[in-house]
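Right after this note come the structures.
Each of the next two complexes has chain A plus one more chain, namely chain B in the first and chain C in the second.
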Partner chain A sequence: MNEARQKFSLEFMRIVVVIVLALLLGFVITAMVSSDPVDAYRELLTGPLPKITINDNGDWQLRGINRFGNWLEDSITLTLLGLSIAIVFKARQFSLGAEGQLTLGALGAGIVSLYIPAPFVIHIGLALLVAGFFGYIWGLIPGALKAYLNADEIVSTLMLNIIAIQLYQFILTRYLKDPTAGYVGTEFFPESAILPVVIPGTRVTIALFIAIIAIVAVWFLMSRTPLGYEIRMLGANRRFAEYGGINAKRVIALSMGLSGILAGLAGAHLSMGLLKQLTLTLSPNIGFEGIVVAMLARNDPKFVPVAALFYGYLRTGAQIMERSSDVTREMVLVIQAIIILFITAERIVPLVQGWWLHRQSPEAILDSAEAKG
Partner chain B sequence: MPQLVDMRNIIKVYPNGVVANRDVNFSVERGEIHALVGENGAGKSTLMKIVYGLEQPTSGSIIFNGRPVKLQSPHQAIDFGIGMVHQNFMLIPSFTIAQNIVLGHEPVKGRLLDTKAAIRITEQLAQEYGLDVDPTAKVEATPVGMRQRVEILKTLYRGADLLILDEPTAVLTPQETDDLFDAVRRLVAQGKTVIFITHKLIEVKEISDRVTVMRHGEVTGRVQTAEVSEEDIARMMVGRDVLFRIEKPRQQRGEVVVQVKGLSYVSPTGRPLLRDVSFQIHRGEILGIAGVEGNGQTQLAEVLSGLQPPTTGEATIGGQSVLGRGPRHVRQAGVAHIPEDRLTNGVALEADIADNLVVDRYYRSPFARRGAMSLRQVRRHAEQLMQKFDIRAAGAEALMGSLSGGNMQKVIIAREFSADPVLLIAAQPTRGVDIGASEFVRRQLVEERNKGKAVLLISADLAELLTLADRIAVLYKGEIVALFRSRPDLSEEELGLYMLGLKRQLPEQRE
Partner chain C sequence: MTFETVLASIFSAAFIATIIRASTPIILPAMGGLISELAGVINIALEGIMLTAAFFGVVVGALGPEWLPGLPVWVYPWLGALVGVLAGLILTLIIAFFHLELGADVILAALAINILASGGTVFIMFALTGDKGSTSTLASPAMPSIIIPFVGSIPVVGQIFNGENLTGYNIITYAAFLSVALVWLFLYRTRLGTHLRAVGENPVAAASVGIDVKRVQYIALLMSGFLAALGGINLSMGYLTLFQTNMTAGRGYIALAAVFLGNRNPLGTLIAALIFGAAGALEAQLGTLNIPSQLITMIPPIVTIAALVIYNVRRQAQMAANARKFQEKMESEHKVV
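Our next item is the complex of A and B:
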């Protein structure tokens, strides 16, 4: 128990250190490219927060609630995608397939929303189910190919992304498109299939609860079920897992399938919550962001929402900075990339720890070690 | 004599809070063979990794050749003439022996590796130090004994004056051990200094000049080897008297439960590694498998445990055919397996002890019920086994990778013994395990037999086989060439003749 707490706080410390260092570096870069770096950086750092203004009469007003909403909306997507990738990484597999799974998930949700009439709650439930199922299939395929035919999953997931996106665009333009609209997109979904908003003034819908349920579900799966155990052991040492009687092939396929479910749900969040229709492009390149979130959270479902909120904040702040300062989109992406670099630089924290230990006297070291053990 | 290495007040605390060395003073004189002994987890490997620059001491100083040094990496240690052969070898399996030896300091012709020069260098080194190796053989295709010699030659090639050997004999046959000792003596005669870690006290007596004993991270004694007996050393290690004898009551042999018929295995590269192996094991019987390493023992264990499908033949456990359907099926038929290669098969280093202890049973009650696993049960199970098998670690949640070599082995032993098997396959079960724990394992094996289990004991330690086994089969080139009933007049020498293929029984002579 104690050890778990200690691990948790160590992990938390690690994230904080990484973030602070990354932000400092980000500022240095901003200072080099902006004529007013302080202002630009303030937009990045505080942009997504709502602002309270109080006028002379003492009335207060909340402003910027939609930016706040953008942050949360993005964080929901990132949470689902981060969980999706965390499962795959835990099994020590790799997947670049979230984009395709998400696209087909959105497609499935869209078809159910538009063509299968049902009453309110059931309609949503059905659409989510189909979205998850489409994602599952699109994850299971590369998983099975890897497990049984030893097909490299990096290649196969990328190829399946292309197939999924082309398929989506084909079905959309050929069958689902609203002919009266001036662009390629479906009609808006009926009210019964739109996720209800929970924070007025934003597009933060009950997808928030779906994300929370997903976190708990993935946490439960990974740490409290036999399948989760199999995934963890497969990831830790495949030969050991097989020696213990675990069917490694089945577990590889399943882990990628399960990961697809979450990406599929992210697709449902995009279509049924944010867009309320299907459009030609859903949310370009979001598919790969799950990898960043999963890495930042060290593949631990408990940390995925924290990492997603942080990364979502950064993404939203970056958009705001891009809009309201002279820092270009490219530089904004550079700052984001620096954070990824910091995460992968795993040795930073042990270095700090080692330095701290070396400064102490032998007695103090033994004492503190003894107290811990 | 001048001191070559003098370590003072070394403290090592691992990042997870384990204190591996507490205020250790350790010194070695130039030109001596110094044995370092102690129970599993006493901190021997850690101390040596510090000399070798692989771990940094949390505090304390190292004086090498009269000068204080700070070793930040093995590179620096090598520059000082310090070389180490690790408990777990670190060779590249797909490279040839010559390539492995020159790795890092390759002779080049133009910009390419000069293969001929590498082979020449290897041959010269081998000749000079009397360590026989085949320079052009791939490491993966060579027996462990040779790999060991390669490791030693590699450090010598890099100019080591001080050679640290971490449990070098754990994987060797008696003959190979003798050869190694001859080589070590030659090295010392040429002015080298050797530190030697072992759990076999007989070896300490045989080869070392002085012994340092460690216990719980501290040095508990340093003596001239000639002045003490094995029992004395054992007492310093364990803190109490150690019994070296094992009580083995008369066998109560039951019916046949294991039937192996016509088992053959051909490797993917087409080498026949098992040829028409047949035997039976009764309830309440330990069948020992003797043989020089690399004569099919590994494959026999892997096939019988379901890790490899046999090329032909079959095996039944209690009448039920078990092979060809994977390890889960074999385990459910009642087979437990202590694997020879513990790091690749037996444990997951990145997982914690508790998880490592349930890999064959996590899906069953009480660990899993109605689809959910009970962490409490998993932890309690781990705590019980850790206590029963005296596994020394920070706790059930300690990562496997943070355990000492011997404690890892104990985790495997705990899991497989507690599986309550019909047949227990034990491959080198006491390898790398300290004396106290070895006695424990051996007693447990006999205990299992007394309870009516069938035990297949594969061991390179002939003395162990002769004390424990009820019958002994000798494997030579994948074939059973002899099968003896164990009796007092059966000697290691006699077995040796069969192991080397110099003698073989006729089928009707088998017992």
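Our next item is the complex of A and C:
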């Protein structure tokens, strides 16, 4: 137990160091292009927080609640996508298919919202169900191809992304588009299919609770159910898992299908919560963002919301920075890339440790070895 | 436009020229992807490397006269291409270093590079031009085109060999087709190529006969980065003469699919890349016929998945057949004994 805790705190330190390092590098890069890099970075790092202003009469006023809302909205999307990737990573599989699953999830939610009339609660439930189901199917396909035919899941998920996006755009422009609108998009969804807002003045809807339920559900699945155990065993050692009687093929296919459900729900959150309609592009390149969240959380569902809130904070801060300075929001992608590179670099810690020990005197090494022993 | 005119335009020399031009930025990264895949270090950063090379090629090509005045005009596009390729190689080196030295997952490292490229190019472009969409404010040069002499006057042949307007193909298009032959020679007729395939097949076995696995994988990754970078240069200094945000538009991933569709060999990959190029060209033609372009765009990825399935079904059948043969052989030998 003690060892596990030590390992945990080492991991935690490592992630914190990587984040600080990435933010510092980001600042250096910002300083190279910006006329006022300090101001730009202040916007990035404090922008999403609501601000309390107190006037002369002592009355206080809360401002920037919509920015705060943007942060939470984005974090909900990122939580669902992060959970989706975490399941696949836990099974030691790879999936780049979240974009397609999310797109079809949004499509399913949109079709139910627009064409299947139902009373309030049932309408939302049905739309969410269909969104999750579409995501499940789009995750199960590459999963089954990988499991039973050994077809490379990277290529298949990338191809399924293209197919899903084209299918979405085809159905949208051909059948769902509002002909009176001046752009490619559907009518707004009926009231009964729009997720109710829980924080007034923002677009933070009951998707917040969906995300929380999803966290608990994935945690429960992974640590309290036979399937979760099988997924973890498969990820730890496939041969051993098979030797222990686990049907590895079934587990691979199911883990990718389950991950699709969560990405599909993220699509429902985008369409039924944020956009309230279907538009030609939903949220470009959001599909890969779940990967950095899952990596920061070390694929542990408990930490996914923490990682999502952190990364969502950066993404929202970047948008605010873009509006109020001369630095574009793509800055945050550079930071993201640095984070992914350094977290995946497994051998960095032993390398740094070795270098550190090498610099110390032999006595110091002996002392520390004795202290450990 | 009627169906007949579209059909006529598809079965024409000019359409073949369009396919050749549209395939170039797929063939080059596909050859790169093939080399890296055969070496067991699949490079999914082809997309980001292309994008970065395309960007730096344009920037240096356009701003070169400002930064280094006095050189002959023809030098600047080459200078741009050189810097573009170098930028692509640096990104590839980052992947190789993180994967081979620091134990990073090769797919995650490459994914980080793709993210870095898509963000970094926009970031620098905005800092340089104040524009987030394209470098249209910069006057960027194209790489030269080559016109094959004498064939221009021959009706169909002229159009096939020199493009529909007889203005010749970009020099990188020639490089693309040449690269297929060179990659084939490299993989199957050189020592290093044999080592490379051995490493991809079984790194432990390769190491046991004295092959330096790490060195081979470094080389394979750098070659893939070089070829992908050339593809990017073609996009921004040939196919178009400017840089647009995310102008690769998934070609790096399509190139990867071409490797698998092409059964992981140079000729098959070339054919797959041509099919993808043709689908792209067809999309533009059929758009005029009111056939939804999305359905055409869907064909190559569907074909790729189908090819993956067929390939693996056949492989499994083959393996089962081999196992059965082996068993029968053992049994018959057993009877003799």
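In this section, the second predicted complex is superposed on the first by the 324 of 373 C-alpha atoms of A that agree within 3 Å, B and C clash if a C-alpha of one lies under 4 Å from a C-alpha of the other, contacts with A are read in each partner's own complex, and residues count from 1 in each chain.
Throughout what follows, a contact is a pair of C-beta atoms (placed from the backbone, for glycine too) under 8 Å apart; a residue touches a chain by one contact, two chains touch by 3 or more.
Being a predicted model, the structure only gives us computed values, none of them experimental.
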Scan A:229 for contacts with chain B and chain C and give back first, second, both or neither. first
So, A:159: does it touch chain B (first), chain C (second), both, or neither? second
Contacts of A:179 with chain B and chain C, given as first, second, both or neither: neither
With both complexes superposed on chain A, which partner does A:242 reach: first (chain B), second (chain C), both or neither? first
Residues of chain A that lie at the interface with chain B and also at the interface with chain C: none
Would you mind writing out the residues of chain C in touch with chain A in their complex? 42, 44, 94, 98, 101-105, 107-109, 111-116, 118-120, 122-124, 126-127, 132, 250, 253, 256-257, 260, 292, 294-295, 297-298, 301-302, 304-305, 308-309, 311-313, 315-316
Provide the residue numbers of chain A that touch chain C in the complex, in ascending order. 29, 33, 94, 96, 145, 149-152, 154-156, 158-160, 162-163, 166-167, 169-170, 173-174, 285, 288, 291, 295, 327-328, 330-334, 336-338, 340-341, 344-348, 351
Contact residues on chain B for chain A in the complex? 9, 11, 13, 15, 17-19, 22-23, 56, 58-60, 305, 307, 326-329, 331-332, 337, 339, 344-351, 355, 358-360, 362-363, 368, 371-373, 375, 394-395, 397
Sort out for me which residues of chain A touch chain B in the complex. 3-4, 220, 223-226, 228-229, 232-233, 235-237, 239-247, 350, 353-354, 357-358, 360-362, 365-366, 369-370, 372-373
